[in-house]
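What follows is a group of structures, each given as structure tokens.
Next, two complexes with chain A in common: one pairs it with chain B, the other with chain C.
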Partner chain A sequence: MQQFTVHKIGPEIKIAGLDLSFTNASLFMVISASIIILFLFLGSKEKRIVPGKIQLIAELFYSFVAKMISDTAGSKAKPYFPFIFSLFMFVLFCNMVGMLPYSFTVTSHIIVTLIMALFIFVAVTIIGFFKHGIKYLSIFVPSGVPVVLLPLITIIEIISYLSRPVSLSVRLFANMMAGHTMLKVFGGFVVSLGILGGWLPLGFSVALTGLEILVAFLQAYVFAILTCIYLNDALNLHH
Partner chain B sequence: MTIPEDFKTRLKIAKSKIKSEIQNGKENRGSFMGIAFKLGTELVAAVAVGTIIGFILDSWFDTKPWLIIIFFFLGAAAGMLNVIKAANKMQKKD
Partner chain C sequence: MRSLLSFLIAIKAINTNLLAAEAGMPQLDPTYWASQAFWLILVFTILYILISKIHLPKIKNNLDDRENKIKGDLESANEFKEQSEAKLKEYDTILENAKKEVSKILLESKNILDKNIQSKKNLIEKEIEKEILKAQKEITELKKSSLSSIQKISENIASNLIENISGEKLNESSIKAAVQEISKKQVDKYL
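Take a look at the complex of A and B:
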């Protein structure tokens, strides 16, 4: 579909055989990132006790993420706040910018979400080994399992651990892509049914747009909270 | 900067409102919906990962099709384990 196609903007850039051209996907990533920077800059420019509108929203985001981290991963995860905050804001704004007409949804491409998920997966694994050494492998061996079943359970636990980046990336990608496709399909119904029957799908697509905005927020939230949960498993080793 | 008296009382009212909302469990509805979204993909992803591992091991050891079958079922088991774990976590939070 046209809204999902990636095309080059400007000249073709090739470095060491890799195609590094600037595409519309990169353009919308830059747009989302600059909106976040601008918004947080405006929000933190005037530091008043009674906050203004932009400052209030910025503080709301801050306390929302801070509370999420302390609820799910405990106080040990405080040093990772900047990472999780930027991740949450980036996913949220990419989703929300994608809701605008004629825009491009960066998170509806699996390569984008998969790279983010793999980065989290590798980082969490490194943090786990760094904090606990070889003892980190004990997350694959749950306590209280009979010796006979232990090899089987360990294999299952390893598969379950390896499935984390897949489920994390596929969830975000599939939700965004399915939502936008659904909107497109209902939009197509409006055109093909014409002025007589087109009103029902038109109403549906208005409702679906609202739902999509909710999904855009929820998926960013889920992405961030799962990062916190994985981080919690790596930081606090207990079974 | 001094804090005006009027602001203090308004803050007090707002704080007590938030407290009562937390006690009624109103505040967490969004996050539960978020966790509900999580369960479906969790189940499927583990099956996919298990099958892929089986496929790769099969082409390494030349044992087609046995390992892919075994790892498909192990993946399904891992998916169920994931869902059970997530559900347990949800219950603990309550």
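Take a look at the complex of A and C:
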């Protein structure tokens, strides 16, 4: 579990009684964001008709996220495209940077994912009320349900709505933490079984690394697409 | 299933170090929660502003430019295609006209040639007819002359024969009449 520990880098910064010191977690947030900025800078620097490699990848990311948003939330979600793009890129790059040995996985901390999820939850709820007023509450009352079941369904809908930030944050955090823990466990087996028996867990480690890269991408995608779905609920009432 | 597995791992981690989160799951140690939240919000805000204000418009521009360029190119290609088709049509009509003219010229020259041949043929035929008529005339004249000379010869022969046989001279006019009468009867057979 040592890989998940947060420790201070540099001087202690205290504002209003809160410890806001720069930590290794902060460092890797900055690193991920810097890589994204650098990558997008290189990807949009040249205006070539036939794109180069980096430009092609940046444009692929752009059209990938744009298609994801238009597919799930429709054209009304266009103003939120930069936010969802940033979110997807940030989560993806934090996950990917975390795959490097001796690095720190920002998204493996519940507080980070929870803040992102809570922000999305609050923002989506505000957007929903802003767009539809009090009618937004009808999201809890699905149409075409028998009257007898309506109270029960409404309660379930409210619970599911309120648990959105929890499920969104825990999904990402738990996936990242479990993956890294599993890699660590198998790595430990390689060491403890030595040169004779260590080959099998080593193979597992290699396979798991591949799997973890897939999971890193997948979880970023899931995080972004669920945000799109929540946004769709808020923008286009009654699906 | 993955989340279940990770959840179990998390539960186990919590259980083994109950209330001692620092040793078990560093994620549950609240010491740096405020710091992480602060830095997350700061970094993400800067990232969002940079991406939305600088990078996405650039990429969008690039993509739009490419799309417009492709659209423009396709349009001009279509235009060129239409132009070439029009030219082809023009060329076809020109070719058709030329073919028509050629056949017309052919027909005309053939007609002229036919006329020439016909007139020459007529001329030659007329000449031949004339020659034939001339020849016929000559033949009839020759016949007549030969007839009169035959009569004379036969008169002479007859008078000579009679003189030799009978020894006396008949007058020539009676012999002439007799020969004429006989030759009229006889010559008709040969003519």
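Heads up, the rule we're going with is that the second predicted complex is superposed on the first by the 234 of 239 C-alpha atoms of A that agree within 3 Å, B and C clash if a C-alpha of one lies under 4 Å from a C-alpha of the other, contacts with A are read in each partner's own complex, and residues count from 1 in each chain.
Here is the rule we go by: a contact is a pair of C-beta atoms (placed from the backbone, for glycine too) under 8 Å apart; a residue touches a chain by one contact, two chains touch by 3 or more.
The structure displayed is predicted, hence computed values, not measured ones.
Of the two partner chains placed by superposition, A:Ser192 touches none, neither chain B nor chain C. Of the two partner chains placed around the shared chain by superposition, chain B is the only one that A:Leu226 touches, whereas chain C remains out of contact. Residue contacts after overlaying the shared chain place A:Ser138 against neither chain B nor chain C. By the touch criterion stated above, A:Thr209 is placed in contact with neither chain B nor chain C. Contacts of A:Ile49 after superposition: both chain B and chain C are touched.
Contact with chain C, but none with chain B, is seen for A:Phe85 once the two complexes are overlaid on the shared chain. When the two structures are aligned on the shared chain, A:Asn236 is found in touch with neither chain B nor chain C. Touch criterion met: A:Ala174 reaches chain B and chain C at once.
One of chain B and chain C touches more residues of chain A, and that partner is C.
Shared contact residues on chain A (touching chain B in one structure, chain C in the other): 49, 170-171, 174-175. Listed in rising order, the residues of chain A touching chain B in the complex are 49-50, 152, 155-157, 159-160, 162-164, 166-167, 170-171, 174-175, 218-219, 221-222, 225-226, 229. For chain B in complex with chain A, the residues that touch the partner chain are 1, 3, 7, 30-31, 33-35, 37-38, 41-42, 44-46, 48-50, 53, 71, 74-75, 77-79, 81-82, 89.
Interface residues of chain A, counted against chain C in their complex, comprise 1, 4-6, 8, 18-23, 25-26, 29-30, 33, 36-37, 40-41, 43-44, 47-49, 51, 55, 58-59, 62-63, 81-83, 85-86, 89-90, 106, 108-112, 115-116, 170-171, 173-175, 177-179, 181, 215.
Residue ranges on chain C touching chain A, taken from their complex, read 2-3, 5-7, 9-10, 13, 24-29, 31-41, 43-44, 46-48, 50-52, 55-56, 58-63, 65-66, 69.
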